[in-house]
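Next up: the structures, one after another.
Across the two complexes that follow, subunit A remains constant while its partner is subunit B and subsequently subunit C.
And now, the complex of A and B:
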């Protein structure tokens, strides 16, 4: 039955562009899916392994910049750059992981914050590569034919299909991990790193693997960000606010759950739309408020609570 | 040939000489009791052997290979499993999952690991507690869970750090039976304990540590008569419950 529901959900997901014609709602749907992908990617590391990163914008930015640079400087179509960007995001995460995972608990979180800031400053100053604070712009996306039909870049549909595919990949990867020894190992490390070592788990290597996976999907989504908005600058894609929003989504939706980030993303995007116009700068305060309320009254998150109520492990 | 050969093991913390020039051997199938007053360096010795601490000097040779410098997980892979004096279960996970995590070391598949975990849980008498979160167990049960988790990694050598600490007399008798059963299974054990009565009954040989140095290494009967051991336990600050 579960299998049928999942298949139905995926079909419904890809049917949306043919049911919704309003461009604004399509944009909202794309934003929800983008945040779902980011929240789910963060959750791989923060939820399962319990390693809270405050610097995931670093990977988003690396993915976005890689996509842009490959396209503008080397002429590579951005959809290839997007995948390459994911790989580069994962590669960048490896040295960070090997250094930072020797630190435990809050030290890891602090290190991620610092690393993200370092990468932002590099992006601002390495002007020959990134064009610095001016940012990078794609004026027109190159032509692409799918099944003989030219893709219409002025419509939202191709972007929707792209991000929906990424979401299915991240959530699918999360789901698979919960069923593998690797997923059990991550939970063990979160519960007690000493005991994890005692049963033969290489805690550093396991965490580094989780970080690399998480960074890959975050950078992939960063590449999508670049293609969708066609413009990036260091303050847009490397901002701390982005990192915090990823944490928000995973926590509100439900840590270490496969579907939680979708709920968290719906929540975040709605919140942003409702409060951003009326309160402008102050809408960030509402994020903080909701996060505090969740941690205090719903520590397992919305999806986590639903899972508990249904008597399942999410 | 000895399964484990510790020689010249030394570790100081600042001015505290936790373990100094400690040497002993453990033969395959033997149960070695490691005793000594509070703060004698027993747990430090365990942490050195299991890779949680790096020795300043000395060698730890297990099955012919030096373990010094290996991380704890690598030591476990070589076949040394440990329990913790202050229990460290995976608190939010249930009893079965705690032991499955141990069994995963030698069996990748979940089904095989679960089957193995159930066998081990039956052996330690926790078969009825499979679905209970580890945090909800009594201390005695958590100590058993630690043993089960360690056994599931299929060790050649088991390091038990005070499996009876904090237990009541009935629970001590039960734990004593469990260790005896492990002994009958032929598992090699190094066992740190404060409950001397239990350790004297089950151990083949006893090593006594005092101020980080070995002061006796003999059969249980010989050790209790050793004047140096009696002085260590009764001389200086009286360590009442240890002498019981």
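And now, the complex of A and C:
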């Protein structure tokens, strides 16, 4: 039953570009999926392990820059760079994890914020590698043939398929984690790190693994960001605001749930894109407001609350 | 040698203002265990307060502090009373996320109302710096430095000598014990948050003539603020003062002897090292 529904949802997800022709709606759908991927990746660490990172823009930026640098300086096609970027993001997260996980709760959050700022400042100043504050630009994407058909980079469809694949992968990973022993470890750490340690869970190793997984998907989405917008600069991809938005998507949707980030992204991103048309900054005002309302009245998030209601009735 | 003294002097002058912002954050943390992500935005409100007093009412920005500090005090009490009080019960992470939301809300509301334009306050008496012993001292920074010392001393007197101050220190040491001794912890918390907000706003007023104003300046200030309070030990007032002045000096020496580009990096690296090696702060007085 559930399996059928999930299969149906995935088919529906990939059918969208053949049903929707309006470019604005396609852009909206891509944005929703991009933020779903980011929120879900953040959720792997923040929701399940309860480690609130305010520095995930670091991984998004590393993924985006890796994709750009491999393409512009080494001539590697950006879709390979995207995957490599994910791996690099995961590698970068390892030392960060071993440093920051010695701290707990809010101290961990502050440390991740500091790490992200350090990486941003390096990206601005290491001009031989990143071209500094000027940013990096892909003018034309190289040709690609899929099943003998040339891909049309001017349409939104290839980007949609790309990001939808990433979303399915990250939500699939989240779902798998809820079923595995690893997920139980993470929840145990979230509820009580001392008890978790006492029953023999290596908390640092478990957290570092969760962070690496989370960083991999965040960096992967960062690579997508670079290909889709074709332009990045340090203040755009490493900003604190970006880190905070990822947190909001996951919290508003529902912490530690597989579908929560999708709900959060549909809700917040639609709101944002609709408002962006008319007022530049209103969407961030609403982000802040919804964050406050959610924490105060709906700490389990929209999807979490729906789950609770259904659970009570059934 | 002259360069060294010059950068030390400007470091201490800026550091005094950092200290004032840091003290506001640290007293709030001490009493409520709140890490207030919106603290920098409260500083930003103070900066705009001074700006509008100067442009709108032709009042000297430094003079406007007598209006803005009490107003910010009331504003802070209202934030705690109506918004934060219930959220604090949900734990440290909830307040962290909640104040992050508050920060985004305040900063972008300001961006909407005042636009993203960079603004400056031009003072007729601030064109030439003072030159005692051949060291350049910008006049607005000198005035801010003096006022920051007056305010910090007043705060010390309040914490050390008044009943309210004793209640704040007692709650900070042990909220339950304080409650058992008859301290109204809720009220103390509200007043402390008001105090922290007033310090942030006051520091904003003092900073306004020396910095560019724009609505998202709080983002940078709050990051510096965390560095300061962690250097000095979270919850410790003398620690925050020392941390503020230390950061001022580090930044100004870093800009001269390392590079302007990387001066902000030094602060963050030291911040990480202190968090890891001495989580109770450089002087070992903070609470972890």
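Brief remarks follow.
Just so it is clear, the second predicted complex is superposed on the first by the 302 of 314 C-alpha atoms of A that agree within 3 Å, B and C clash if a C-alpha of one lies under 4 Å from a C-alpha of the other, contacts with A are read in each partner's own complex, and residues count from 1 in each chain.
Note that contacts are C-beta pairs under 8 Å (C-beta built on N, C-alpha and C of every residue); 3 or more make two chains touch, one makes a residue touch a chain.
The structure presented is a predicted model; accordingly, all values stated were derived computationally and were not measured.
By the touch criterion stated above, A:200 is placed in contact with subunit B alone, subunit C being left untouched. Of the two partner chains, neither subunit B nor subunit C is touched by A:165. When the two structures are aligned on the shared chain, A:157 is found in touch with neither subunit B nor subunit C.
By the touch criterion defined above, A:178 lies against neither subunit B nor subunit C after alignment on the C-alpha atoms of chain A.
The larger set of touched subunit A residues comes from C, when the choice is between subunit B and subunit C.
Of the two partner chains placed around the shared chain by superposition, subunit B is the only one that A:187 touches, whereas subunit C remains out of contact. Residue ranges on subunit A touching subunit C, taken from their complex, read 50, 52, 54, 99, 102-103, 105-107, 109-111, 113-115, 117-118, 121-122, 124-125, 240-241, 244, 247-248, 251, 279-282, 284-285, 287-292, 295-296, 299. Residue ranges of subunit C in contact with subunit A, taken from their complex: 35, 83, 86-87, 90, 92-94, 96-98, 100-109, 111-112, 219, 223, 226-227, 230, 261-262, 264-265, 268-269, 271-272, 275-276, 279, 288.
Only residues 179, 181, 184-185, 187-188, 191-192, 194-203 of subunit A touch subunit B when the two sit together in their complex.
Contacts from subunit B toward subunit A in the complex involve residues 50-52, 71-74, 76-77, 81-82, 84, 88-93, 97, 100-102, 104-105, 108, 110, 113, 149-150, 152-153.
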